[in-house]
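Contents: one structure, followed by commentary.
Every chain is named by a letter (A, B, C, D, E and F) in the order it is written, and numbering of its residues begins at 1.
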Amino acid sequence: MKISARNVLKGKIVDVVKGATTAHVRIDVGGTIVTASITNEAVADLGLEKGMSASAVIKASDVMVAVD
Amino acid sequence: MKISARNVLKGKIVDVVKGATTAHVRIDVGGTIVTASITNEAVADLGLEKGMSASAVIKASDVMVAVD
Amino acid sequence: MKISARNVLKGKIVDVVKGATTAHVRIDVGGTIVTASITNEAVADLGLEKGMSASAVIKASDVMVAVD
Amino acid sequence: MKISARNVLKGKIVDVVKGATTAHVRIDVGGTIVTASITNEAVADLGLEKGMSASAVIKASDVMVAVD
Amino acid sequence: MKISARNVLKGKIVDVVKGATTAHVRIDVGGTIVTASITNEAVADLGLEKGMSASAVIKASDVMVAVD
Amino acid sequence: MKISARNVLKGKIVDVVKGATTAHVRIDVGGTIVTASITNEAVADLGLEKGMSASAVIKASDVMVAVD
């Protein structure tokens, strides 16, 4: 599958925390930690675990820009 | 200002392309290009230009996870 | 690639309209038209054209529920 | 109320699962299941229950496109 | 139609600017201007014009919190 | 930090409810309550509490428009 989302950041999962319905997955992308909030079902469906290679995928319209 | 968004990725702007109402800003974050689709007004308001230091800011609930 | 997004709706592209930076792609999903607003770059990168098989992909946290 | 969101997919609720603060509502849209992640408050406010007619509402800018 | 989105802010449209595919609609909500970026099609479909009563509708998962 | 998000609505926090992983923060913006669904980590990181001054921050592409 190839997706229109412009941002596919390759990395490694460093943490998976499941809540009641929502899980937080942290991915190390070249030394920067990216946090994803996804459904528990997605975690189970993809078998996400600490240490796995995974990408953070973000649609361009969901990215903001900040300056100091 | 400190924001709740979990992902603030520091980098440098490599490209600003303005459309009729929507602009695309590309930020080099440690060698990875992150694309943001924002309003032309925001580009003008923040004075965004190629070469500036800037961060890509992303809410955790807008991040998906993909595996091969 | 397998993605955490819970909604992957298979269909056929019925329309691609490019703007200055943003394109609108309409996909027929079992008789229902789903409209996606994505970057022109994504349209070019994926080679999206009328008549192609394609899926509309939506993160669960971007779906609202309405009742009459 | 008429809303700007381009995608209003009519269907029937097949499942409501409440978590601590976030609920998952699954809607059968012409044989395809669409999952919505919304607040528990919204579920209570709209009285969402299995078997009810309901629509999945999605803003066009939240729809991505994928090809095989 | 009643929607799960937790934030429905009533106001009056002060500005509609159409681009090639994307429009910006500004709504005065009790003295605060809220900007919406929506499709030109939605503007036409709802007949949005300066001076009309309208609400800004925002899903709770799209709201961030900032402190000084 | 200055952010590209077009909507920064100043107010006061009236309620913080933490779930297993996701919290709901309600902000009074000039008499209108705005609900934000954010991570528990963000609540802890920013030290969000009832009575604090805070802003609801919303990207323009996440705002829809509704008419009666």
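Keep this in mind: contacts are C-beta pairs under 8 Å (C-beta built on N, C-alpha and C of every residue); 3 or more make two chains touch, one makes a residue touch a chain.
In this text the structure is predicted, and so the values were computed from the model without any measurement.
The chains in contact with chain A and with chain E alike are B, C, D, F.
Of all residue numbers used where chain B meets chain F, over half belong to both copies. The two sides are thus made of the same residues.
Checking B-F, A-D or E-F against C-D, more than half of the residue-numbered contact pairs recur only at E-F. Matching CA atoms, the turn from chain B to chain D amounts to 180°, rounded to the nearest 5. Looking at E-F alongside A-D, one finds more C-beta pairs in contact between the chains of E-F. With each centre defined as the average position of its C-alpha atoms, the distance from chain D to chain E rounds to 21 Å.
Chain C and chain E have centres, each the mean of its CA atoms, that are 22 Å apart.
Of all residues in chain C, those that touch two or more other chains are 1-6, 19-22, 24, 35-39, 41-42, 46, 48, 55, 57, 59-62, 64-68. Every pair of chains meeting the touch criterion is listed here: A-B, A-C, A-D, A-F, B-C, B-E, B-F, C-D, C-E, D-E, D-F, E-F. Those residues of chain D whose C-beta lies close enough to touch chain E in the complex are 1-6, 36-39, 41-43, 45-46, 48, 55, 57, 59-61.
The residues of chain D lying in touch with chain C in their complex are 3, 5-9, 13, 24-25, 27, 29-32, 34-38, 42, 46-48, 52-68.
The part of chain B that touches chain E in the complex is made up of residues 1-5, 19-22, 39, 41, 59, 61.
If you check the complex, the residues on chain A that touch chain F are 17-24, 35, 37, 61-62, 64-68.
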